[in-house]
Amino acid sequence: MSSSSILELRGISKTFASTTALSPLDLDIERGSFVSIVGPSGCGKSTLFNILSGLIQPDNGSISLEDQNVIGATGHVGYMLQKDLLVPWRTVLGNITLGARLKGKVGPEDKEQAMGFAQKYGLGEFLHHYPSALSGGMRQRVALMRTLATNHQLLLLDEPFGALDAQTRFEMQQWLLQVWRDTQRTVLFITHDVDEAVFLSDRVLVMSPRPGRVVDDLRVDLPRPRTLDTLVSPAFTDLKSRVLHQLHRERGA
Amino acid sequence: MTKKKLLLNIFGPILSVVVLLGLWQAIVVWGNVAPYIAPKPWDAIRAVTSNWSTLAPLTWWTIKETIYGYLVGAFLGAFLGVVLNKIPLMQRVLYPLLILTQAIPIIALAPPLVMILGFGVMPKVVIVAWIVFFPVTVSVLDGLNHVDKDLMTLAKVFGANSMRRFVVLEMPAAITQLFSGLKIGATYAVTGAIIGELAASSGSSLALYQRSASGSLDAAGVYGTTLLMTAIGIIWFLLVVGAEYLATPWQRRSTARQWRRGAKPVLTNN
Amino acid sequence: MKRNFLSISVAGAVMALSSITVLSASTLASASTLTAVKFVYDFPGPDMEIIPVVVAEKEGFFKANGLNVSVEFPPSTSSTTQLLTTGSGDIGFITTSDMAVAVEAKAPVISVANYSMTNNWGLFAKPGSTLTLAGLKGKKIFSWGDTWTNAMIPFVLKKAHLKASDITIVTGSNDTPLLMKGTIDFTTSTTNYAIPGITEATKSAPVGIVGAAAGVPNVPVWVYAVTHNYANQHGKNVRGFLKAIKAATIWASQHKAKAVADFMAAYPKSGYSKFYSTKGWALTVPLLTNAAGKYFVQTNKQWTTLATALKSVNLIKSVPAPSTYYTNKFLP
């Protein structure tokens, strides 16, 4: 599409045994944008992420990330799941630098960066805490810091706040937007929560039931920074109802 | 740990030992048990202290057999656990064999070992290792088999090779399990050494000392050596527990220990 | 001096269970009219020295004396006297050193009859090897670690003019394979156990230094014992038991093959071959009578000699009156 695309997918499809998880899919993602993906359960959202991260190979198609063909290779995206997957024997600092450790040694600059992130995003006091001493929201923050600390431009977040209560979730959403703005990363964000998708994103992709394909691609032009007021604005409600209708139609079809 | 908890941790076990000794004393005194059948606890303890010059070198031997065997068993056990986990074929081939080793009564194993290894420290070390390795293997295998699959997947996405995944994630993840195997092994280790001593000894040994005490109807000597053997077992167990305490701080602390000088103490909110 | 309990303790435990059924099955019909007596052997498993008891049961001598005898095996050697004092057994088979130690420990037991009359204990070596007291220095000598062996070894050393540190005593669970392999130089045992064992393994008789030649006191090795209580309250049973045993012993001495067959039938899994038991029993028979051809008879002299000897090697502290150890009043 445009030269500002960081990620280009062409004709990506995947079939597991007899289940077609993804039907041929084309997608362009703009550098620095925040894109949410919503769709019914089992439509292939996580499968798409697994293909992007290199965990599984697509049957067909091509992926170009920052002009590199990355099919089947790992180590080029940040990835985060609903489960925080913090390791209990490493402190907050140790968990944030886990990516560096997994690729070799944790150098002083890795530590500095991790401490910088932690300080900046409200974890400064907890650097030497073990995860067992943290609340669910704080654990998700550490998990996101860890994802950021891998220093990949593209972040894949698969329902990262799915397990949090509504109150914490809203705090986390605002916090995530702050982090995203500061670090200028590109975020692909899977969620089941339409409010969340619209509230966070520049773009919302709606997927059809299996075999998954993108049936709607909405621009969200709500002004940033987004606040509580955004949630009750008519523009927000319009967008939300469009996504919901689209989802519902697809489900009913 | 609060002060109250600390006191409880120290005095709880002492209290239970005192109660046990009291019960023992009561049974012997009120039951009118003859001294050649069972001694009073204090007599058993005195039988050790008053013969300490004889018992000390024997005790030291038993301790050495226990520790050597334990270390061999623990390392072998951990190694086998890793091999079984990493090479699925081995799990099929080796696991039944490992179970077989434990089905052999140790008492039947001792005589052939003596034939092969002689009367020295070796057969005892082998017997102790034989007993200790199994719970360690099983626990390590269990620990490795239960490492979070998603975590391993995440590590792959981060671009970690299998060696790094093992060292950074799987090994520490299995450590809690490892210690449960090590603790079970620690309680059995002394038994193994004593069985080995009974099967064969050159010169004397704790087990033989106990056997001649038994032959002389010296019940105080018999119970005293039993207490001594038990003490070795308990002390070894406590050392393993101590090692666990140091090796797995996250299990009971909210913050990491700060070893570096000048590091600011970290405030905890719980 | 017998096979170590470790090697056969498992078998022994099984044996102990099965033997009770074997022996009591034949007497089940008339059990109610017979007096029950619990006999406790000196060892965790049966061997040919138990033949008088087996024969007394199988050939009806116990029954003829109004007794229903069950056989128990102790969990370890040297624990038979304890089982008697706790009431787990009535009549025990023990070594004379066990008896001396029991009296020293103030256990209320008393010996009621000799089993054997002479000391047939000594050192043994592979056929064809040289075994002299002078050549003991620096050698590895096998011991079962039991009280009797502990008591005897100092006498051997004394006679050989050696210190304890001049030899290496090793303990194990079976001496013959170690002897064959050369892991040990000599073993310690009694003639009736050592000769069949080594002969069976090597097809020829071992060399040995036995009894006076080995410097050990000439005293009986095994006796039958009861508690004072049992002697006082059930003297009739003791007398009946010894009467049956005497008749059985005479019978078994005259019908050696049949006696061994009875033993093998009662304990098919004893771990001892027919060869071993036959040879062992043949070697045991001459030990059972004194110079006058009498069974059982104990003397003041034997007990004084034993006690003095044991005191000299510090196994007991004092030498009591011989009557403390024994009584002949139940002899048939």
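The chains carry the letters A, B and C, assigned in the order they are written, with residues numbered from 1 in each.
Operating definition for what follows: a residue touches a chain if its C-beta (ideal position, glycine included) is under 8 Å from a C-beta of that chain, and two chains touch if they have at least 3 such contacts.
The model shown is predicted, which means the values in this text are computed figures rather than measured ones.
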item: If a chain touches chain B and chain C alike, it appears here; value: none
item: Remotest chain, chain A as reference, centres from CA atoms; value: C
item: Chain nearest the global centroid, as defined over all protein CA atoms shown; value: B
item: Chain B-chain C separation of Cα centroids, rounded to whole Å; value: 40
item: Euclidean distance of C-alpha centroids - chain A vs chain C, Å; value: 85
item: Interchain centroid distance [CA atoms averaged], chain A/chain B, Å; value: 48
item: Junction residues of chain C, two or more chains touched; value: none
item: In the complex with chain B, residue positions of chain A that touch it; value: 53-55, 74-77, 79, 81, 83, 85, 87-89, 91, 98-99, 101-104, 125, 127-133, 150
item: Of chain B, residues touching chain C in the complex; value: 34-37, 105, 107-108, 110-111, 114-115, 118-119, 198-203, 208, 211-212, 214-218
item: Of all residues in chain C, those that touch chain B in their complex; value: 6-7, 9-10, 76-79, 81-82, 85-86, 98, 101-102, 104-107, 140, 145-147, 150, 168-174, 177-178, 181, 183, 315
item: Footprint of chain A on chain B - complex, ascending; value: 148, 150-151, 153-160, 164-165, 168-169, 172-173, 175, 248-250, 253-256, 258, 266-268, 270
